[in-house]
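Below is one structure, written out as structure tokens; comments come after it.
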Amino acid sequence: MNGVGPTLAFYALAGVTLIAGGGVMASRNLLHAVLFLILSFVGIAGFFALLSAEFIAMAQVIIYVGAISVLVLFAVLLTPRAGRNNGETKMLAPAVLLAISLAAVFIFVITDTDWPTVATSPSLTASDLGEALLTTWVLPFELASVLLTAALVGAIMLVRTVEEEAEDALA
Amino acid sequence: MSVGIEEFLTVGALLFCLGLGVALSKRNAIGVLMGVELMLNAVNLTLITFSRFSVSDRPITGQTFVVFVITVAAAEAAVALALAVSVYRNRDTVDVDRINLLKS
Amino acid sequence: MELTVLVFLPAVAAVAVLLLPQRYEGYAKYVALAAAVAMLAISLQMFFAFDNDKDGFQFVVRRDWVDVGAFNLQYFMGLDGLSMPLVVLTTFLTVASVLVSFSITMRPRAYFAALLVLSSSVLGVFAALDFLLFFLFWELELFPMFLLIAVWGSGRKEYSATKFVLFTLAGSAFMLVGILVLAFGANTFDIEVLGRSSFEDTILPVRWAFLFLFIGFAVKLPIVPLHTWLPDAHSDAPTAVSVMLAGVLLKMGGYGIIRMCVTILPGAADDYGIWFAAIGAVSVLYGAFVTLRQTDLKRLVAYSSVSHMGVVLLGIGALGTTSLVGATYQMLAHGLITGLMFVMVGLLYERTHTREIALLGGLARQMPLIITGLVFAGLGSLGLPALAGFIAEITVFLGAFQKFEWAVLMAIFGVVLSAGYILWMLQRVAFGPVRHEWDGLADQQHWWEHSVVAGLAGLVILLGVYPAIVMDKIGPAIDHIVLRIGS
Amino acid sequence: MNSIDIAGPQIAVLLAAGLVLLIDSLAPQQRRLLPYVALLGLAASAAWTTSWVSRDDYQVAFDGTLSLDKYAVFFYYLFAGITATIVLASIDWVNREGRGQGEYYALVLTAAAGLMFLAASRDLITIFLSLELSSIPQYILAGWGKDEKSSEAGLKYLLLGAIASALLLYGMALLYGVTGTTLLTEIAQQIQASGDAHRSVLVLAMVLLIAGFGFKMAVVPFQMWVPDVYQGAPTPVAAFLSVGSKAAAFAVVTRIFFEGLGADFLSSDWSNLFAALAAVSMTLGNVMAVVQTDIKRMLGYSSIAQAGNFMVGLAAISVAGDQFTLGASGILLFLAAYAFTNLGAFVAVIAISQKIGSDQIRDYAGMWKRSPFLAVALAFCLVSLTGIPPTAGFWAKLYIFNAGIRADLAWLVIVGVLNSVISAYYYLGVARQMFLGDPAGEEPVRTSPSIGLSLGVATLGVFVFGILPMPLISAAQDAVEIFAPLAH
Amino acid sequence: MPLLVAAASGPTIAEGVLWAILLCPLAAWALIVLFVRKVPALAGYLTVLAIGASCVLSFIVLFNVIDADGHIATHTHEWFTAGPLTVNLGVRVDGLTAIMLVVVSTVSLLVQVYSNGYMAGDPGYSRYFAHMALFTSAMIGLVLADNLFMLFIFWELVGLSSYLLIGFWYHKPSAAAAAKKAFIVTRIGDLGLLAAILLIYTRGGTFQIDEIHELAISGALSSSVITWFALGVFAGAAGKSAQFPLHVWLPDAMEGPTPVSALIHAATMVAAGVYLVARFFPVFETSADARHVVAWIGASTALIAATIALVQTDLKRVLAYSTISQLGYMMLALGAFGYVAAIFHLFTHAFFKALLFLGSGSVNHSTNTFDMRRMGGLKEHMPITFWTFVIGSLSLAGIFPLAGFWSKDEILLDAWRDNRAIWFIAASVAFMTAFYMFRAIFLTFFGTYKGGEPVDHHDEDSHFHGDPAHPHESPWVMTLPLVILAVPAIAAGWFNINGSFGDFISGALPHGAEEGSRFEWGIAISSMALVLGGIFVAWAIYYREWVSSRSLRNGFGPLTALFENKYYLDRIYEDFFVTRIFQQGWNRLVEANDRFVVDGAVNGGARAARELSARLRVIQNGQLQGYGLGFAAGVIVLVITVFAVNPL
């Protein structure tokens, strides 16, 4: 991917995403952590755009930045202030250590490999995506729907309180 | 002046490990969940990178994959939060280092 | 066909016993006795129908059972001169152990069922000609033994039962590996075929396979230092189980070594013969030394078993026809003599409720018959001529002396030591001034007690004065095996 | 349409799930019918499966993402059976819990469908989706109980599962990146074509896959959740996890590694990896089980050890020639035998724990006097887990160790047999308690018909296949015929 | 059945007769054990009858063999085979056998008759006779056996019946202990015999006695093998014949009933060792080393036993030690080429020593004790016993012309010819023998009666009836055997005056024994002088009491102590060796090793497993992160391992 623009964009996005991720790691308050998370989601969306997957970028913004983050926010707000502490466990040090060494392994592998790459970006449109979803991957597509339903049902059951169940029993 | 596949993959890898670090170090269950979300996003980034760069007679595959990952991530998040809530009801906390009734 | 009947008759009888209604449970012993006697009859009929001059196996039954490309298990059983006497020994001791259990009142149905299943599995081991089938029976014997020791035993019964099971399992774990390696080499578990095929080091050196098999059997035999389960199991098991344990279960080990290790891998057996001889001789002396320190009657007999089975291993190690015949004969002799020994000890224990030698003494006055039996058994076990043990031991010595003078010279010291511990035991238990706390105890009285003692003693004498009756059967079978070693 | 036909068994199950929900919400007074509806759906799925076996046309559908072959069929039957047993065993518990019965059975069925898809899919995306389809309901079910232990188990299971699937995804992504496709067959072709040019990334992907699935297989070092979740989750659910998801994970791993990563330069690597993991898993699992006092936890550790045994089959890949699939068939045989055995054990535990209200092994004392049937059945299943004849477990172990020997893995087999001695030690402990201990109470422990039925079936299976293992073995061998062409 | 008959000149006696001699007493034993246990009287008569029968048959055999002037006949049958090993059962009859048969059956018969009276009223009456019958047949079998294997069998059976009879009054701890001691000590000797059997079979491939002779003479076997074989055989013989250092069991064996001591521990069984060595005399002839060992062991045994006998106060012990020393005499003779002399002495000794024992029994029967210090003056009360006892003592001492004189004289002669040192020992032993025997006589029968041992009526095991305070002569069943035995005690020596006995038994050897004058005045006179001297000293001290015995023993201070403590051998053996070194030392060590090391390893292993398990649980700390770290670590480790094991 040549040209100054994309390159600068890449580094900018990389900076944003990673720093935001670092923010998630660093922030002691859960709310701040959520905000950083959202920021890094946005960064990822930018990457998607940069990689000419506009539809995915949009979906990313909608679903992650929209849905999931809000969900997390709700969860955070549901739990009282005491529950919003985002401190680390005793295992911070080993966790960081392992994460770094894993990163080392990954990066070694990434740089070690000479990836079979195409010169020009394949032109992929949303319709291609939709077509793929409805032909080859129709089965996963259906499964995803079932999955969401099941998750929905389950989640509802899990959060229902005893008295709700009681009145449900009357019905 | 150019960036190639390696750079993108590197960013993905770093983000992934960052997410892992978060997931493994945060005390709050929701914090852990956020870490997981970061990891998934890193995976998505990697997938898109591949679908952009790598040689394939079906480049769209990567994007499709990402769609599903996002869906699953949403579902997982929902269930996770539900569980977190029910744990909170039982234990008045979502600190994973206090959620250790079951051990040894 | 009759072989199948013989092997599974006890199992069927066991089911029948279990199905007895609660209020008839008193009859369990009679059902068991009937079954045992029937077995004895069948086996004796086979024994006399057995053709000594025909080589190869007789009474063969063979069906396919599990056949998959990689391995196939057949239901393949038969007897030769090596296993025939052991089968008769088993049935005979089954009758004996049923009889000595006649006074059992606790859960009689389960007890006799377990006893019968035990004898069924042991018969299976002696009869099986498919190594995997052999292994199945070998493992099957664990269930009844565990229950018999753990439920009807005494003392640290659970510990002993567990120890027994774990030792055997550990041994058979190695055995299984050995079996698989052999089967890999020959693509069959058929012992006849295995016995004919030759193995080279493929995935494991053949000698390893040999050692694995040997470990499996050595635990049962048992050899020093794998013997410590034996005293515990013996001292905590009920009398009948001690009889079966000493009488036939230990023989499974010796039989396995001859039938599997030596027959299938004669080359390795030849290499390791010297070690067998050494271990055997050491076991003889070690067992005797430890026996001399025992204060519990049953432990004493148990350790003496270790000493006697050492002779078996010594005989096997020499790998000559004479020594191997002697080893087999020693198994029979030890089975009968030690069986009788345990019966007498059991009768004493039933009455005095102690096995502490220090507490006994002067009993010859109060229970002359029991003591006579005890003295007889003792004389048998110290290898008195005209009794079975002597023929066996001296045959082994004569057979092994040429090859391993040193080992035999070590082992014959066991002769003096055994005289030492037996006679000392008799002196402390039977002789000396009368102890009045034992006054008024019944002597051996019931018909079943008499018949067990008489039967065992009679066989001990018979084998002592007319060895040919079994040696003519064992000899050809062993010749068959030894020929293979030569080639 | 044809494709739908091929997804038939799963669809039947899913329809049943929907039906269950429907009845639950529309006709709440008919709730007691729910389990039977569920069973009906499973029966239908089994029937559908049978219809192919009779039609005997095997093919792929959905552009090759889902395949219909004997391998899949084997697992369809297996999962149908497992799920049916679980449903039967759950009835009492669900009735007592009284919470969302419809949802419970619906989730169980959904998870079952996911497992079935997992066994049949040949495309990374489909595999991932099926995996999640089976996992997420299981996460929920694990947290189904009202007590804190259950919800803790659920949360732990989910968070760790999420991390695991993230690793798995990254591995899949790399695989896709280097081969440009997600279909196992094409992946295999690409790898063959490019040779070991991309070995490093392939190895990394391989390891990540092992990590992702190892979580489900309960393989060291991805096994730590197992005891906690088994202990905390409702017992029927724990049973489902211990048998269902483990089986599915092994099914898919076998398929991926044989069909996708079967190239020599890779298989040599991963077979060694699996050998090492097998040794570690069985040893660690057994050793740690020794001192357990909670029977569910003990079974958890034992299932880790059993995973080690299964993996001997994966490690035995390097058998050449006509016995190339020996290890694979060993895994299938072992999975089937293990399904019967472990289900039997768990159902017995369900029955006993429900009555005595404790999972402590010491509270099982004297169970023989209180309920001979339960005691004998449980003991028998434990014997089968140890691998002593005459049980299905013995044949499974014998078969798979035989495969190991033929794959020149004698050392691994020795480790295995020694481990079964250790396992005998703690299984024996339970048997000792039940047969020799003095009962705490005298009142007999009764079993409900449903439990009795499921337990009876499981134990009978263990026994019958212990005497006549032939049908099971040949079924397993047919199933893995599909891998035979890959022999090298 | 393979039947091999030796030289045509051999005895023509039917084989059945030979077996019958063996089987009669055996049948009696079986009958008593199985049926007539309950009717004691019958048991006694049955035994006498059976042994009488074999006695008659033995004489028939003897005369038949005499006709064949002592040549050999063997009848052998295969018993069992195990591969190359073939074991035979067979009988062999020749001069030696015939003589032994006669000795055994005759003495046994008389002893049984005597026992009918002596054991009357004992609770174990029939058991006693059963054992006696068993012993007799075993002894006969031992004599008849034509191969070493069979011989060994009866050898052990003889030991068994000896064990049972010594321990006959098993309620007496001393008796039980003595029985055990006798069996074990003899068994130590038997080890040698067993080893010899193994050796000769392995090297020579046979058990047949005559074939072994052949092997020895023809030199087919290396001299070392022959020597080891001979030593092994002699070890066995030393055990049974109570040769130093294995003699310690015989004195204790006196715990048994006196007739038993007379038959087994004086006349027959203890002579079996001598018989065995004689049987294999050709072997010893070919191996000088073995022969010297025999000679010297015999000599030292004779000397040691005689010295101990000097100081015994128990009449039976005196006889016991004198038996030992006489056996040593016989061995000494064999060691000095004195085949004929040894057997001849065995022959005579059997009679007069049996006579002496029965006499002592008779004394005990009326005084209820064997302690000579409680006797005295019995001459008047029991004349028959007294006179027969004197005859026996004179014969033992070797006074012309009684039996003992002739046999002992030949031994001295052979010793003189072979080795002067040994002759000197033998001569001094002859002196001591005369001394202690007459010391016994004077203490027992002369002086005033000291009251015997009062009866303890609370001891239910004592069957003593009568009143020790007023001793009386024994009933005729007991005195008759004394009188009968007195005859051979006087006359048995005359058989060999013309060497006919010697020629006869030499027929048993593949080549005759060395000939030569069987009499020499010098030896005869010197020995007579020594013997008379011994008697005189005894007379002087214990009858005239010119010198008090006390002052004498004080004079010999340490020596007496040594003798009275039997050279401290028992202490060394039992207290030091068996108890200290063996039982409390080595065995305890081995047993501790068994319990703490071998079994400890097993239990330790189990404990270690539990321990490890308990430690490993800590990993499972219930902490989500901990588990997650496991994942990450796992991935890293696996990747690195793969790359390390199998680099890119």
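Chains: A, B, C, D and E, in written order; residue numbering restarts at 1 for each.
By definition in this document, a contact is a pair of C-beta atoms (placed from the backbone, for glycine too) under 8 Å apart; a residue touches a chain by one contact, two chains touch by 3 or more.
Computed from a predicted model, the values in this text were never measured in an experiment.
K.L.:
With centres defined by CA atoms only, which chain is the most remote from subunit C?
P.N.:
A
K.L.:
Can you name the chain whose C-alpha mean lies closest to the mean of all the C-alpha atoms?
P.N.:
If one averages C-alpha positions chain by chain, the most central is C.
K.L.:
What's the farthest chain from subunit E if centres are computed as the mean of the Cα atoms?
P.N.:
A
K.L.:
So which one's got more C-beta contacts, B-D or D-E?
P.N.:
Pair with more contacting C-beta pairs, B-D versus D-E: B-D.
K.L.:
Taking each chain's centre as the mean position of its Cα atoms, how many Å separate subunit B from subunit C?
P.N.:
One centre to the other, that is 65 Å.
K.L.:
If you average the CA atoms of subunit C and of subunit E, how many Å lie between those two points?
P.N.:
Roughly 37 Å separates the two chain centres.
K.L.:
Between subunit A and subunit D, what distance separates the C-alpha centroids? Give it in angstrom.
P.N.:
Measuring from centre to centre gives 30 Å for this pair.
K.L.:
Averaged over CA atoms, how far is the centre of subunit C from the centre of subunit D? Could you give it in whole Å?
P.N.:
One centre to the other, that is 43 Å.
K.L.:
Which residues belonging to subunit D are in contact with no fewer than two other chains?
P.N.:
125, 128-129, 132, 136, 139-140, 143, 151, 154, 156, 159, 163, 174, 177-178, 180, 200, 204, 227-228, 425
K.L.:
Residues of subunit A that contact two or more other chains, please.
P.N.:
89, 91, 95, 98-99, 102, 105-106, 110, 112, 115-116, 136-137, 140, 144, 147, 151, 154-155, 158
K.L.:
Show the residues in subunit B shared as contacts by 2 or more other chains, in ascending order.
P.N.:
Expected reply: 9, 16, 19-20, 23-25, 32-33, 49, 54-55, 58-59, 61, 64, 68, 72, 75-76, 79, 82-84, 86, 89, 96-97, 99-103.
K.L.:
On the basis of the stated criterion, which chains touch which? Give every pair.
P.N.:
Every pair of chains in contact is listed here: A-B, A-D, A-E, B-D, B-E, C-D, C-E, D-E.
K.L.:
Using the touch definition from the top, list the residues of subunit B that touch subunit A in their complex.
P.N.:
Residues 1-11, 13-22, 24-28, 30-31, 33-35, 37-38, 41, 44-45, 48-49, 51-55, 58-61, 63-64, 66-68, 70-79, 81-86, 88-89, 93-97 of subunit B touch subunit A in their complex.
K.L.:
Going by the contact rule at the top, pick out the subunit D residues touching subunit C in the complex.
P.N.:
These residues of subunit D touch subunit C: 322-323, 326, 388-390, 394-395, 398-399, 401-403, 405-406, 408, 410, 413-414, 417-418, 420-421, 424-425, 428, 432, 435-436, 468-470, 473-474, 477.
K.L.:
Can you name the residues of subunit B that touch subunit E in the complex?
P.N.:
The touching residues are 20, 23-25, 32, 96-97, 99-104.
K.L.:
Subunit D touches which residues of subunit A in the complex?
P.N.:
Of all residues in subunit A, those touching subunit D are 105-106, 108-110, 112-116, 135-140, 143-144, 146-147, 150-151, 153-155, 157-158, 160, 162, 165, 169, 171.
K.L.:
What residues of subunit C sit close enough to touch subunit E in their complex?
P.N.:
The touching residues are 163, 224-225, 227-229, 286, 289-290, 292-293, 320-322, 324-326, 329, 362, 364-365, 379, 384-386, 390-391, 394-395, 397-399, 401-402, 408-409, 412-413, 415-416, 419-420, 423-424, 426-427, 430-434, 466-468, 471-472, 474-475, 478-479, 482.
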